[in-house]
Amino acid sequence: MTPLVECRRVGFSYPVRDGGARGAFAIHELSFSVEAGEILGVIGPNASGKTTLIRLLSRVLVPARGEIRLGGRPLGGFTRAAVATEIAVVPQDVPQSFPYTVEELVLMGRFPHAPGRLFESALDLDHARRAMAATGVFDLRGEPLGRLSGGERQRVMLARALAQRPRLLVLDEPTAHLDLRYQAECVGLLRRLNREAGLGIVLVSHDLNLAAEVCDRLLLLAGGRAARVGPVEAVLDEATLEAVYGCRIAVDKHPATGRPTVQVLWPT
Amino acid sequence: MRRSPRIPVLVIGALMGLLAWPALAAPFTVSDQTGRSLGLAGPPRRIVSLVPSVTETLFAIGAQAVLVGVTDFCDYPREAGRKPSVGGMVAPSLETIVTLTPDLVVATTAGNREETFTQLDRLRIPVYLVNPTRLADVLDLIARLGALTGHEAEAARLAASLGARIKAVSERVTPLPRPRVLYVLWPEPLIVPARGTLVSELLALAGADSVTADGGNGYPRYSLEAAVAGSPEVIILARHGGRPGPMAGDKWQRFAELPAVKSGRVYTVSGDLLHRYGPRVVDGLEQLARLIHPEAFGKAGRP
Amino acid sequence: MSQPSRLLAALSALGLAVLVLSLGALFIGSAPVSPGAVLAVLGGRAAAPVDEVVVWSLRLPRILAALLAGGALAVAGVGFQGLTRNPLAEPSVLGVSSGAAFGVVMAQVFGLRAGLLDTLGLTAFAFAGAFVAGVAVYAIAARAGGLPVHTLVLAGVIVGIFFASAITVLISIVDFDRLGGVIHWLLGNLAPIAPVPLGLFTLVAALGFWLVLGQSRQLNLLALGEEGALQLGVDAERVKRRIFGGAALLTAAVVAFVGPIGFVGLIVPHALRLMLGPDNRVLVPTALLGGGLFLLAADTLARNLIAPAELSVGVITSFCGAPFFIYLLRSPAARIGP
C-alpha cells in the first residue's frame, strides 16, 4: 500500500547566519513514512528538527536533497494550494491580536480549495460549520479569537484544519500550554477523528507519554537525523532515549493501558 | 491670359490665409514679457491682475477701468482694495476669476504658480506673463501695459518722468564715494540681494557698494558671518507689511564694532517700495539714495 | 451577516453618500452661481457661459479628482496596513509618496522655468521619483527568497526620510519667489484636472485597485503569519509583491496627478475597520468609496471656508481626521487591529 506520506533521504539546511559559531542547523538523510489512517508521533529534544520537519511536510520549506512523496507523488509537483487540501497543519497558537472571529478563521481553511474565489461559497460555509461542530466550537463561531481560552482556541484551529478536508493532519505540540482537562479533550478528539474519519495524523510533541499513549508508531529525531522509527515499544527503549536526551530514563509499563510510560530519573 | 494667373494666386492666397488663420482669427496679437505670443480678440477690456506691481502700474497709467480683479496683496493704491479680489497669489480662486469673465489675466512667473497658468490655459483665458528682474524691465512693463490698455501716452509720460528721476539720482551720486551697504531682505534666515536682482541694481544706482552683490544669484540665504565680515557702513532693513517685525534693529546692535552700528546708520525701508516692480520703485530708489548719501540729498535718518 | 451582504450594504450606503455629497458640492463654491443656474447647467438647458465653465470645467473635475484621490489613498492604506500588519502604516510610510514628491519638487525647482508647464511632464517626474523610491525600498528589504515584512517597513521609513531630506535641501536652495509655490504643493491641494490626465489617473488607479483587491482574501490569511498563510496554500511572496506594487501605484498616481495628501490613507482604513471589521475583501472596495467621500468633504470645506482664498486640503484632513479617529477609537464596539 502506498504510504500517505513518505520521506526519502530528505536533507535540508537553513542558510548560515553570519557570525554563527556553529554550523547551520540541518536535517540529514531523513527517511520515514506515514500510512493512511495511522497516528505517527514525532518526538525528540528541542532543536532536533521537529519544527523543520513540519515546515518540510507543509511545503513551507523545500528539501535540498531527497524527496517527499504524498500519496506516491512528489510533493514538489503539487501547487501550494493543492498541498493544503491534503495536509493541514494545526499550529500551537494564532499570532497575537488576531482580529478575526472563530468562523472567519475556520473559513480560512477553505481557501486552498478555491483560491481564485473572492468570497467563500455555500459549500465552503457548510464544510466550515461541520468542522466547527466536530470540534465543539460551533456555538463560539461569532466570537473574536482573543476572547477564547487556550483550549477553545486549540479546538478552533483544529476545526480550521478539518475544514481543509485533509488526508493528513499535522499537529505542532497540541497539548503544550493546555490544562489537563483540555489535554484530555484534545486527545479524545484526535482519536475520534482518526477512528471515524480515517484521518492520518502526525503528532509532534515533546510529551513522551502523550505520544506513547496516542500514537501507533513513533519517529525519534536527534540532531536532525532519525534516531529510531517504528512501533512505540521499539522506539521507547531506555538506552536509545538516554542517548538522545542525555539524562537517565526509566521506561515502565502503564498499569491500565499497557503502553510504555517514560520517566526521568532526576539527579539526587 | 487673365485666367491663368488668377487660380494660382487664389490658391496661394488661400494657403496664406490658412497659415495666417490664427493671426486672422486673433486680430490683436501681443507677446508677453517672457516672449510668448498671445492671440486676443481685441485690446483687453477686462483684466485680472495677479501681480501687485501690475495693479499699481495700471492705476498709475490711468488704466484702472479695465481692471476687474486683483489679489489680496494688491493694496496700493487705496482704490485697488475696492476691486474684487480673487484670493492670494499662490492659490487664487479659479471660480472667482472665471466669474469675472476676464479677457486677459496678467501674472508673473515669480510669485504665481505655473499650475495656475495651466488651469487658465485650459479654461481658454489668455495669460500675459511678466517677469521683470531689472529696472529696464520695469520701465518696459509700464510701456507694455500702456500698449495693452491703449494708455500709451500716459505710460510714456510716466516712464519718462521715472527715467528722469532715476537719471537725477544717478548723476547726484556718481562723484561720491560709495559706502559699503548691507541690505537685509529678511533677517532670519538672512536673505540678501545678490546678482541679477532689482534691489542690487537699485543699490548700485543709489551710489552704494552692496556687500552681498556677488554673493550668489537672486536672493540667496546668506551667512551672518559673511555679512558681518563685509563690514557694512550702512545697514538697511526691509519692512514687510507695515509693522516693525522680525527685522527689528536691535538684533544688529550686538555687532557693536560694525561701522554701521557705531555710527547709528541702521535704517528701515518699506519693502513694498523696493520689491515690487511698479512705478514706486523709483520712490524706493530715492529713499535709498537719501539714506546712503544724506550729504547729497539734505535729509538723513528714517523716512 | 455574511461578508458579501455586509459588503453590499456598506457599498450601497457609501455610494449613496458619495452621490449626495458630489451633487451638493456642485452647488457650493466661491463663484456666485445660483442653485437654479447649476440645475440649468446640469440639465443641459440654456445657461450663462460662465456658469457652465464653473460647473463643468472647475467644480466637476475637482470633485472627481477628490473622489479618485481619496479612494486611491484609502485603498493603498488598507493594502499597506494589511501587508505590514501594522496599524500605523499608511501610504507615506513606504517611501513611495516622498519619492514622487521629490520628483515633482525637482521638476518645479530646476526643470521647468517660465512658460506654461506641461501637466503631464510633472506627472512623469512624479512617477519616476516613485519608481526609484519603490525599487530602492524593495532592493533594501528583499532577502533571498522573500520580502520580510519588518524590513519592508524599515526600508520604507529610511527611503522616505531620505527623500524628505532631499526635498528639504531643494527647498533651501529654491528661489525665494518659487518657494511659496513649492510649499503650497507640498501641503497637498486638489485642483480641477483636465479630462485626459483625469482619464489616465483613473486607469492607473484602477490597475492599482485591481491588484490590491485581487489579493485581499490572501491578505486576510496573512494575519496568520507568513508560515500560517503558506501552510494554507497562499503564495505569500506573490501576495506581498502585488499588494506592494498595487499600493505603490495608487500612491504614486495620487502624488503625480494631485499632490501629496496625508492622513487619508491612515484614517479611512481604520475608521472602516472599526465599523465593518477586519476583512480586507470588505475594506478594499469600501475604502474606495469611503476615502473618496472623506477627501471630497475635506476639499469642499477647503475651497469654501475662507473663499475666495483657499485652504490646502491637506490641512483640513489633518485637522478633522484626528478628532474623528479619537471618537471612533473610544466607541465601545471598536475592533482594532489589521
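A few points about this structure:
To keep things simple, chains are lettered A, B and C as they appear, and every chain counts its residues starting from 1.
What we mean here is this: a contact is a pair of C-beta atoms (placed from the backbone, for glycine too) under 8 Å apart; a residue touches a chain by one contact, two chains touch by 3 or more.
Being a predicted model, the structure only gives us computed values, none of them experimental.
Central chain by Cα centroid: C, whose mean Cα position is closest to the mean of all protein Cα atoms. When each chain is reduced to the average of its Cα atoms, B sits farthest from subunit A. Between subunit A and subunit B the centroid-to-centroid distance comes to 81 Å (mean Cα coordinates, whole Å).
Note on chain placement: the centre of subunit A and the centre of subunit C lie 44 Å apart, centres being C-alpha means.
Measuring from the averaged C-alpha position of subunit B to that of subunit C gives a distance of 39 Å.
Listed in rising order, the residues of subunit B touching subunit C in the complex are 34, 36, 72, 85-96, 98-99, 101, 109-115, 117-119, 121-123, 127, 129, 131, 185, 191, 218-219, 221.
In the complex of the two chains, the subunit A residues touching subunit C come out as 15, 55, 58-60, 79-85, 88-89, 91, 94-95, 97-100, 104, 108-109, 111-112, 115, 117-119, 144, 164.
On subunit C, the positions that touch subunit A within their shared complex are 3-4, 144, 213, 216-218, 220-221, 223-225, 227-228, 230-235, 277-279, 281, 335-338.
The part of subunit C that touches subunit B in the complex is made up of residues 29-33, 50, 53-54, 57-59, 108, 112-117, 119, 172, 175-178, 180-181, 184-185, 189, 191-192, 194, 303, 307-310, 312.
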